[in-house]
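One chain, chain A, appears in both complexes that follow, with chain B as partner in the first and chain C in the second.
Moving on to the complex of A and B:
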């Protein structure tokens, strides 16, 4: 009698045709909608092309897009804006996220509700967050200008979205409000994994609140914070909707990040080759950041 | 840790203060929707409308194609979530249980794929969809959204399957199940909470997406998703803030409701997805 071969999932060698079969649909789909398009965009960045369609004859290989890019003041300006925004939003989200997490990590009545509230902005779609802040930063009847006048910082209404410096901070504030809950959620998860024995032992040794934070909480949080910082950074770096809908990259390109520049070159001026070159540079920076994270991050389960 | 009364008061005061600041923009959205046009065009701003105008919600629904937008967003989300879940359940299970040649690198690639900038991906996808005549149809958005949803769902599901002991399948196979039927009859049924949480997380991702929708659907007004419609209203010259706010509430509400009731699961997914 033919005996069915036992298949042992617990054995270290678990090769089986089913493993391949189950992975196949994902591999095929990823190849078609991620890898193939990536190849196309890298290829486009080496061609001097405008609006393209598949099947168009390939234009000759050229480095002109990259040459034009590195000599373009717009590109360096976009790099500078991106860097400023990444730093401002990452630092802002980190400060707010970390403090709210430490706050709701205390034991008190209504803690569950407090946690829910602290992370609520995470659930608001980006475009909706922009609507809210666009109105708060409105130049005629916006709340923010009114507050500024009341506080004596300015004497008249500020045209937030049409003044370069102010527009940058309007974007940054919107992004911090939308982005800090992620830091908060991640930090809380990290805080809960710190054994309470550590604190008990430190108290026996006479450590005060600050010392406990400095020598127990912070070092234990470092791995989680590292990953979180990289993820926030990448989110700001790649963001499209908040900037596009709030300021459209303006005024005077003061909020045009590399992502916005890529998009505008492609779908505003239809310079697909040039836009792909900007996008490829953006991608390279993202990949370096992700590799950094994969190399440093906590190994959970993998 | 015991707190003195003054410490407790300080703690509660700080928490309430922080909550007010964080929730204020959402409060402001609701107040703006309910305020009258006069109240919105005067200073000091109205913190509590004299006569809340609840009719604004009905007005927006009758004057704007909000319901169509919401329906399109729903269709796109159903499509993108189903497609992603279908391939991710299989792939996540395979990555969790089997040793597949190249499986590890494939998993790593999928993981890094969620870092791809949409502004780069949208260019070749536009070229591709244009030659297949998909630009303007919801299918373009469904396929494009799958590019960033699949990485999340695959890794969330792999993480979930990792928590289910292999002994369950072994026991099932001793009882005569094949590896495939063990997966369908044993593992998937007890994974329902994980599958639901992942699906909802994917739904939130799809519902909030804007870049692809804007690029592929902009010239096809009948297929506009909710975010695209709202951004369109914001772009108009005469901004009726109460109407935009009312429309925005319709769009944000489904996600906020999901969040309030299923926060635990979504947050679990968020941290799992991030820690890989």
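Moving on to the complex of A and C:
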């Protein structure tokens, strides 16, 4: 009888147990696949280790990886490239995504098809998208250079992948193409939640299209845009496959972001301690950026 | 009811125990083998035949042969070893095994060789498998480069097969053409991978450096980049790229396909080009000649070993598999099926020319490379090779992009290489 009472989740005082019970699988899963590797990674970053094996004795505590990191020009270069890419891709995705969302929010013939086409890049697997773009930006037989030659923009093939500036923009354009539908979908959902009365009232007051966008659409979308920007930003920070397949971080490290640097150090040079330090710093930057953006979003929206 | 419950429970427990034992027994007799050559046209079949022979000689033991792409190979192997689940049979490129051996992850094969009285004298490239005074692996391939060319392109341009760098350059210039005047080059004089991994990038440019007399290090392991020979070698590489005599930013697979499709006049490559050539669109137009650059590029390619942390029983089984691979029968098949030069000095390669017409040429270039002590992996930079290759790739790219003088580039590379060497 006593036992029955113990596990009686219907009792008001024990109702919160059911919540914990239902949450437990997810929490355990997250702990195993995210928290545990994270702890291992942080721990490794404080050891001077090259190749590591699970279960090996821990090496002495050291700050040498962080000392090397902060004095390494390669690290600062990777930070700069990551920042540039984050800004370029986030702004690009936002502009294209918002524009397409505004477009397909209007009523016109073929709107459903237009919405489908808009969302298509999001549905294409990332690696397939990159392979397509690798062909488009091929330096010897690529479509983009062919178009440029036909339009008279250039007289010879552009070495997209072996010119630092061109390589950066090839990566950025691929990421924008892959990332803008997410912004579009989120923004479209936000646009549809804005009451039409707002626009009707503004029209009565004589507000033009730009004024309606500036004073109604944009403020109403800010909460959605805030979250969307954070998610896009985090995606750019952690994205690896697009850069790896398209440029491998080159040329001259012009596309070596922090995630590519982490990979190179770990699997290229077998410096797992140093690679973990890069990973930990990337995580800290991501957390700070997310807090900053999420902190600003709702205020702007209000 | 209670009795029935008890019976059910004990039956379930027995079944679980039995299945657990069965699983563990099955696991004990399954050897894992990961390779990038698993579905390779020529090499894959050779591996599979060796596996079948092993399995027929060891009833109840199976080899699980899994393909992992070469591009992801080092990552996958590192992860498997780091996670404590290494493959029993370890297949690695000769430039990457050192880190695994240095970490104690590869079994010392000396006791196994001694046990079977196997003399490795004369086994091509086997010295490259010695690490920390132990035999960490068995060399599978020590190769020499050849030059493949398109006869029709040569005949149409009235050109002779080049025998020196100067002639090679002349032919490359004469055969690089925009055939339909659309501003895009349709036919290239030669082709090199300039995209992707640094290891391959450095390998691609090495032929020109060797012909100029340059070496990354000397036999004592001292860095020897800042030399007039290296300046000449880098100038040659720069010329090829500046004049667009090779396609830009292509991986080696695409380059080989371009050649076998008839869009390239010449290709310097290893024995593995031949199976691609004979399956190409213009196979009848393609021929093989001695490489015009001397000494030819050559050296160690890939190695076979065993993981150190597996059980002694499993090690004995892996060693049996390695012995099959090393047997004269399979060494001969390595030549007839794969078109490779087998490293075994006792392999009977008579009559291989019937299957591989240019086989003697491969043997000659292999010997020429071996005599000149040529290897892709520089002495003294074995364990740092990944970082060294990345540095070389970046500095050479910088030279081309910023049009730098090779004389200045070698000074920078010398300092950086010494720094990398000292950091380990």
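Note that the second predicted complex is superposed on the first by the 275 of 302 C-alpha atoms of A that agree within 3 Å, B and C clash if a C-alpha of one lies under 4 Å from a C-alpha of the other, contacts with A are read in each partner's own complex, and residues count from 1 in each chain.
One rule holds in what follows: a residue touches a chain if its C-beta (ideal position, glycine included) is under 8 Å from a C-beta of that chain, and two chains touch if they have at least 3 such contacts.
No experiment lies behind these values; they were computed from the predicted model shown.
Using the contact criterion defined above for the overlaid structures, shared-chain residue A:200 touches neither chain B nor chain C, since it reaches no partner.
In the superposition on chain A, A:83 makes contact with neither chain B nor chain C. In the superposed pair of complexes, A:18 makes contact with chain B only, with no contact to chain C. In the superposition on chain A, contact is made by A:40 with chain B only, not with chain C. Within the superposed three-chain model, A:250 lies in touch with chain C and out of touch with chain B [touch as defined at top].
Once the two complexes are overlaid on the shared chain, A:95 sits clear of chain B and of chain C alike.
Taking chain A as the reference, the larger set of touched residues comes from B, when chain B and chain C are compared. By the touch criterion defined above, A:146 lies against chain B and chain C together after alignment on the C-alpha atoms of chain A. By the document's definition of touching, of the two partners only chain C reaches A:50; chain B does not. In the superposed model, A:133 lies in contact with chain B only, and not with chain C. Chain A residues in contact with chain B (one complex) as well as with chain C (other complex) are 52-55, 138, 140-141, 146, 266-267, 272. On chain B, the positions that touch chain A within their shared complex are 1, 8, 11-12, 14-15, 18-19, 22-23, 25-26, 28-29, 32, 40-45, 83, 86-88, 90-91, 93-95, 97-101, 103, 106, 108-113, 115-128, 130-131, 143-144, 146-147, 150, 154, 159, 162, 166-167, 169-170, 173, 179-180, 204, 207-208, 210-211, 214-215, 227, 230-231, 234, 241, 244-245, 248, 251-252, 255-256, 258-260, 263, 267, 270-271, 274-276.
Chain C meets chain A in the complex at residues 74-75, 78, 81-84, 99-100, 102-103, 105, 182-185, 194-198, 247-250, 386-387, 390, 393-394, 397-398, 400-401. Put simply, chain A touches chain C in their complex at residues 50-55, 138-141, 145-146, 149, 155-157, 159-164, 248, 250-253, 264, 266-270, 272.
Chain A meets chain B in the complex at residues 6-10, 12-16, 18-20, 22-23, 25-27, 29-30, 33-34, 36-38, 40-41, 44, 52-55, 99-100, 103-104, 106-108, 114-136, 138, 140-141, 143, 146, 177, 182, 185-186, 189, 224, 227-228, 231, 234, 237-238, 240-241, 244-245, 259-260, 262-263, 266-267, 272, 275-276, 279-280, 282-283, 286-287, 289-291, 294, 297-298, 300-302.
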